[in-house]
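Presented below is the structure to which this report refers.
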Amino acid sequence: VDRVGIVPGRLVSGADLAATFVFAVEGAIVAAAAGLDWFGVLVLGFVSALVGGVIRDVLLGDLPPASLCSARYAALAFLGGGIVIAVDEFVRAVPLGVVTTLDAAGLALFAMVGTSKALDHDINELVAVLLGTTSAVGGGVVRDVLLDRIPVVLREDIYAVAAAAGAVAGILALRLGVPRAAAMSIGFVVCFTLRVLSVALRWNLPHVPT
Amino acid sequence: VDRVGIVPGRLVSGADLAATFVFAVEGAIVAAAAGLDWFGVLVLGFVSALVGGVIRDVLLGDLPPASLCSARYAALAFLGGGIVIAVDEFVRAVPLGVVTTLDAAGLALFAMVGTSKALDHDINELVAVLLGTTSAVGGGVVRDVLLDRIPVVLREDIYAVAAAAGAVAGILALRLGVPRAAAMSIGFVVCFTLRVLSVALRWNLPHVPT
Amino acid sequence: VDRVGIVPGRLVSGADLAATFVFAVEGAIVAAAAGLDWFGVLVLGFVSALVGGVIRDVLLGDLPPASLCSARYAALAFLGGGIVIAVDEFVRAVPLGVVTTLDAAGLALFAMVGTSKALDHDINELVAVLLGTTSAVGGGVVRDVLLDRIPVVLREDIYAVAAAAGAVAGILALRLGVPRAAAMSIGFVVCFTLRVLSVALRWNLPHVPT
């Protein structure tokens, strides 16, 4: 892990935990809205927060997955789900703009952590972009599959595309000689900005005419 | 593997195979009821019986998964599906109480075998509970996803919760100094009893009000 | 890898890439017909082409999966999806018979490559058949799950069954002393022929009466 750069490891680790919590709360809200009992809400909060990183680690052969090597991530994911069960009205009262901003930050962070981890495994750069994107959106995809829906990221919006764009930007910066932490921060900003702008300006990708 | 204790290894192994067979028959019945052809019935019997343990072994990095290291488990799973295809009426004539009891025994056995295996990998106790539960319910979840349904375990009943409770009970017993085999047996009894009682008494978890 | 035999390695490798491309184009067409935007079309082309082999490699513990160890397969899968986006009408103008034939060739090739790779890992022969079949049909299964459908291979036709029959034929030939490459070629012919005949003659497996 790069210890020289503008993003100290402890800050990334804290942000990683915060993003886990945000994704768990979001997943739990979706599960509660789908009418699941509290067990289902906890499971889908957990899945939303951790499965993207778990898939990345399985594909990298980095087993057991990092998020299962301590109780910290699982506990935080369950805490996020538990809060939705306990104070659902309160959670729903959070303004949508705040939720979108936190989610965009979580997306960008997971994408760059995943890309960086893939690069640590001497993986091809195109595949690193794919694994970074999978880290960021995999949990939501599996959540939607379990809820018997076409995953949201396949249907609309600049969501996975923002994650991929951030990963590409980070890797391009690395190629130009920017140090790892700074390059990943550039990717973070690209992903976050693209995602927030796409929501604010209602951008969508074109469909294939049928 | 613990060879001292009240549950000899050979008995566990025999029970593990029996549970595999029961889960395969159940999964095949669900697939046949959904109108699949006999290939689909065999596949879903196989998936129901083996995929929970396969997911556990993938996450533990214990590859190839134990159930794929000999033909024994796969053959037994296909046998279970084959029986449903051959003598479907006979299988359906088995009283529901018998099916529920056998299923609860299979659930409890898979949960405790999975928990025990996770602990053998020096995995955190909270994660061991999750992996034990996944071992027990993962096959049914993937079966339901393939049948394009919200997994039953997410929607109702004390099913995965019973598996998790058994895993917790087993780990607590271990912490109190109970030998491994006895501790896992305690977990088995907790899971089995909770599951059977929940069906008999129609317990359900509360939903999050929406 | 067997270098003595009637199928030189370079030919297999070229055919493997060709099959990847064909499966990606087919997956992308299905996704476009389901109304996904171009990002979803690219993702489902990629999934259709590569996920079967990825699941095989995860189960064999051969990580990172072979198709992620260079950019070649991913790039080809995206190229297949990109062509569907760019010239959809042209792709749809390809006669159905050509598509069926190419698909059957891809199915047979993936099945035999997967079976052969499993045998290289000293895996049980029954399990090698399962892994060969999974290599060939896994991508389509995950594609259909993401599209919120019961996978086509579970519902109809001699598709996975043809892959399994090819794997069985190849292994039987090996057992009779036929060299690896020739044995796998026999399996290829069995799978390809069975699949093409089943489409031409509209064979279906019987359903379990309910």
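Residue numbering begins at 1 within each chain, and the chains themselves are lettered A, B and C in the order written.
By our rule, contacts are C-beta pairs under 8 Å (C-beta built on N, C-alpha and C of every residue); 3 or more make two chains touch, one makes a residue touch a chain.
Predicted model, so just to flag it, every value in this text is computed and none were measured.
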Label-sorted list of chains bordering both chain A and chain B is C
Under the over-half criterion for shared residue numbers, do copies chain B and chain C use the same patch or different patches to meet? different
From the C-alpha centre of chain B to that of chain C, how far is it in Å? 31
Numbers and ranges of chain C residues touching at least 2 other chains: 58, 61, 145, 148
Which stretch or stretches of chain B touch chain C in the complex? 31-41, 43-44, 46, 54, 58, 61, 63-65, 68-71, 74-75, 84-85, 88, 145-148
If we count contacts the way the header does, which residues on chain B are in touch with chain A in the complex? 58-61, 121, 123-127, 130-131, 141, 145, 148-151, 154-156, 160-161, 204-210
